[in-house]
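In what follows, structures are represented as structure tokens.
Below, chain A partners chain B and then partners chain C, in two separate complexes.
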Partner chain A sequence: MVSKLNTPGQRYMYRIRNLPLTLIHPPKGLAPLELGKLWRYRDLLYLFVWRDIKVRYKQTFVGTAWALLQPLIACLVLTLFFGKLARISSGEVPYPIFAYTALVPWTYFVNALTHSSNSLIFNSTIITRVYFPRLIIPISAVATGLLDFAIALLILFGLMVFYGIIPTPALLTLPFFMLMSLATALGFGLWLAVLNVEYRDIKFILPFLTQIWLFATPVAYPSNLVPEKWRIIYGLNPMAGVVDGFRWAILGTNPPHIPLLIASITVVTILLIGGLFFFRYKEDTFADVV
Partner chain B sequence: MAIKADGLAGVGKTGYLSLIFRGFRYYRGFLSHQLDLLWHLVKRDFTLRYKGSVLGILWSLLLPLAQLLVLVFLFQRVIPLGIDAYPAFVFTALLPWTWFSSCLNSAGSLFLSNRDLIKKPGFPPCILVGVNTLSNLLLFLVVLPVLVIMIVAFYGKPLTPYFLLLPLLLVVNVVLIWGVSLFVATLNVFYRDIQYIVSVFVMLLFYLTPVFYSTSAITEGYRFLYNLNPVAVLIQSYRAVIFFGRAPEWGFLFIASVLSLLSCVVGYVFYRKKLHEIVDYI
Partner chain C sequence: MGNIAIRTVNLGKLFYLNQKKRGKLRETLEEKIRLSLKHLFTALSPDAKKNEKKHPFANKHIWALKNVSFEVKHGEAVGILGHNGAGKSVLLKILSQVTKPTEGYAEIHGRVGAMLEVGTGFHPELTGRENIYLSGAILGMTRREIKTKFDEIVEFSEIGDLLDMPIKYYSSGMQGRLAFAVAVHLEPEILLIDEVLAIEDISFKEKCLSKLKEIVREGRTVLFVSHNMDSLKTLCNRAILLERGKIVFDGDIKKAISKYLSGNPDAKL
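Up next, the complex of A and B:
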């Protein structure tokens, strides 16, 4: 054998023939989620997130101030139109912080949903070139928004001090509702990202969908405006549960309606698990269609 | 023979008149090339926009209608404003507003997403702004018959000769959009978050523009200040010409035209100043 390794070409062929061989099969039917594999690829997830954050804040004019600007301006508009003009009652808390508390998870949700829905198309060049668990892409899209979320949350705590709102023990539930908003964004994002690959209609529906969704979510108004018997149906919009929970955790008023919250949690769980399996089911077609 | 670097070499033989004529011919050829390019790019943009979607061009009709539905629901049911023929009233303003806002929202990423074209020598980047403006205008014109049918058939409002002023408004609007978009597109090459900032400003401008409310809601003292916003004046003029069938307010329209022209000049001067840097930064 040694005599065959004389030229660089022969040595090269010898080396690549002896490389450990990895065979990648497309999943068939209802594929396992392979979450373990996802864990093994966690450095890739980290790199994707880091790349998106760098792209987002590199060569910018206002930089990270953007994370504050977006919810603050939305808060201004809501306060003027719903607080002042339509005189929607926000209970005992001032309307600006009432709106801002809801806008923090809402802004995160909209951004995360938009990014994850477009993520497969946006990353089409990588998808068509190399193998990696595709689930990394929408997950990283959802994770990137967490930085903005954290910054907006800091401002929220600042506003709490400004308005003299004393946190109640309910504040301890905040991480749960944060996780829930992440799960909601990922749950819907997975479905829409997969559909977006085949039907670009999603791209056009999305801005409109989020706009209507805002009105179907108690951001500009309190959820107790919705009649008691409709609350469970109202809770089928998981963001209703998230926003209600967020408000309760921060402001300590109006504990969330339990059936509404249960409906929201159920929907999120079903959507997320269904979305994961749907994603895996369609995964082998991405590189061909996108 | 020494090479003459002077561009006017040989003038002695042919005379200045011929030179001017030649220059004019050259310019005409240049212009027709640019128009040809513009036309092809608009066609490309228009056909690629809905590629891969099931409903295709139908989206250009469905999206404004859906938007209309939301506004009508919100301001007729939830917070009633008490304006009659409200759907037609809003739709008349919504179409030009959609044109304006979608142009500005996509202006920022215009140069960045067409990096390959811009890097070609001889390709004028500003033509992309024109393409964006015109292809969105096409969408507006596609939906315009629906609006006219809605006003004439549903609400029984006749079209008056003032409707013929529409092209004038469109020209002013094109100038305004082109100028502002050019400025935004150029600036976004250097600061990548300008597009997001602009989208927030467009959202704020929506409330400062009489799309879903009537200008009679504005008190007399603020009216002049309010009408310094050229978009607000244009929207009112569209509404006057199409919906009410009366003359626009000429004074304000004149100011708006001057401001549009000014935005065009400012945008173009800024763009010319930065043009040589754009290719390096992109």
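Up next, the complex of A and C:
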């Protein structure tokens, strides 16, 4: 068998087959992100997303309808308590669509954050046995939620028709705010997923965190309830920027407060890039620790 | 030297045993209390000193691999022998990049496919068909590769009509067959195989062995971990014997096996 490579011609064949050389060495601190590698593993990313979508509603009674029910029920509750009882002002738009518009990105965010934070643990058997860029796991967790997001968005368009809301040119910014909610979920999700590998406390912290977070986000109330001078600090919660952006894009009412939006975008960018590096830095230890 | 497939130089892997227990913070505390109680008992027993030495967690860390250096040429089939805990699986995990070494390095020329545990990535709620795609992708195949090999895989696995049933309804033997069928159709130049022949079904086992022989005959490089001496003998000419993380023998398979069988630590107890 070895003699296969003995003549120059065969060596040449060997070289043009261009076998990749892999060097395996101890971890050396900060690793490059190797985003190109992610691209080579895109089939796996696709299959993880597809698996999670297929499996998500298996053995449930209403199935995919959960994608509709989650934001709709939340909308009903908010309308009842905040719209009717507390009489929170929703400006010139009816309260239900005011709340639902915010709930579409919010529900996506909470689900995507929860799934990505738990994703490394759920896939621990694969992590300890097969090599692939681990970033695929939280990314696929965040991407899986996009289907539910799209379904909830369709209902939103339906509600717009129902309430006679005419889209403004601001609607064109919607993809940007969608992307921003994805980036927020991934940014936080990367950090929490890595921490979750070592400290399962994260699993218990998450439900609290998202509950408290809901109050810090202008879902049930408009962000102009927050005094103007506090808006930048308020914007440090990136979901504040996302939700304000969504309302503006869909309802065409108040444009987002610019300092608030800039604060949100800055936080998301720092968190996401930092999270990617933190993840890569810790990636080598996952198989030993998880 | 263009014909080296794998070269490892002073590969070492350190595991911390007394490391603060991962997981919940409370567990860390509980673990501490339990360990100190244990220490108390060992100290009270008459041959305390002896016990302390033998206590497996007395050392703070353990080298699962230490100074492991070897070369494997393209087209070689090498068996890896050793008792439980000798470091065989850790070695394969390092070579397949699942875990990183603590020291030393390894060079690998060519793509690596690893069959470290059959059925990795199978999802019980998905059908056999879906799981072939999923598991194939996890093992490093592209969707196109799987598509072209799909019929072959199904035929090899002998699952027939059950293909479109969720595999949670399969028997464990059937799941094993399907998993093996996927893994054995991997294309890379270097294959790392860990104990995948732990299949009960004898006729299927024969089939797997002959498929593996075919892979070796094709000139691909195979590292093969097994406790089954017969399959090792039929597949490999050379073996590396590991003991407590170190290479104690590297050479002819028959010598390696006899050395392995004579050095059985269980016999001493």
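Following the convention adopted for this analysis, the second predicted complex is superposed on the first by the 260 of 290 C-alpha atoms of A that agree within 3 Å, B and C clash if a C-alpha of one lies under 4 Å from a C-alpha of the other, contacts with A are read in each partner's own complex, and residues count from 1 in each chain.
One rule holds in what follows: a contact is a pair of C-beta atoms (placed from the backbone, for glycine too) under 8 Å apart; a residue touches a chain by one contact, two chains touch by 3 or more.
Source: prediction; values computed, not measured.
Once chain A of both complexes is superposed, is A:215 in touch with chain B (first), chain C (second), both, or neither?
First partner only, chain B.
Give one of first, second, both or neither to describe whether A:69 is in contact with chain B, with chain C, with both, or with none.
A:69: touches chain B, not chain C.
For A:174 in the superposed arrangement: first (chain B), second (chain C), both or neither?
So A:174 meets neither chain B nor chain C here.
Just checking: does A:85 make contact with chain B only, chain C only, both, or neither of them? Give me first, second, both or neither.
first
So, A:151: does it touch chain B (first), chain C (second), both, or neither?
A:151 sits against neither chain B nor chain C.
May I ask you to decide whether A:44 touches chain B, chain C, both, or neither, giving the answer as first, second, both or neither?
second
Check whether chain B or chain C contacts more residues of chain A in the superposed model.
Partner touching more chain A residues in the overlay: C.
Figure out whether A:59 sits in contact with chain B (first) or chain C (second), or with both, or with neither.
both
First (chain B), second (chain C), both or neither: which does A:26 touch?
The second partner, chain C, only.
Is A:199 touching the first partner chain B, the second partner chain C, both, or neither of them?
Touch partners of A:199: chain B and chain C.
State which residues of chain A lie in both footprints, the one left by chain B and the one left by chain C.
Common interface on chain A, chain B vs chain C: 55, 58-59, 199-201.
Give every residue of chain A touching chain C within the complex, in rising order.
1-2, 4-5, 11, 14-15, 19-27, 43-44, 46-47, 51, 54-55, 58-59, 125-132, 198-201, 284, 287-289
Which of the residues in chain B come into contact with chain A in the complex?
So the residues of chain B touching chain A come out as 50-55, 59, 63, 66-67, 70, 74, 78-79, 190-194, 196-197, 200, 203-204, 207.
Which residues of chain C touch chain A in the complex?
Chain C reaches chain A through residues 2-3, 15, 22-25, 73-76, 93-112, 114, 116-117, 120-121, 123, 125-126, 130, 133-134, 137-140, 142-143, 189, 219.
Would you mind writing out the residues of chain A in touch with chain B in their complex?
By the definition above, chain A touches chain B via 55, 58-63, 66, 69-70, 73, 77, 80-81, 85-86, 199-201, 203-204, 208, 211-212, 215.
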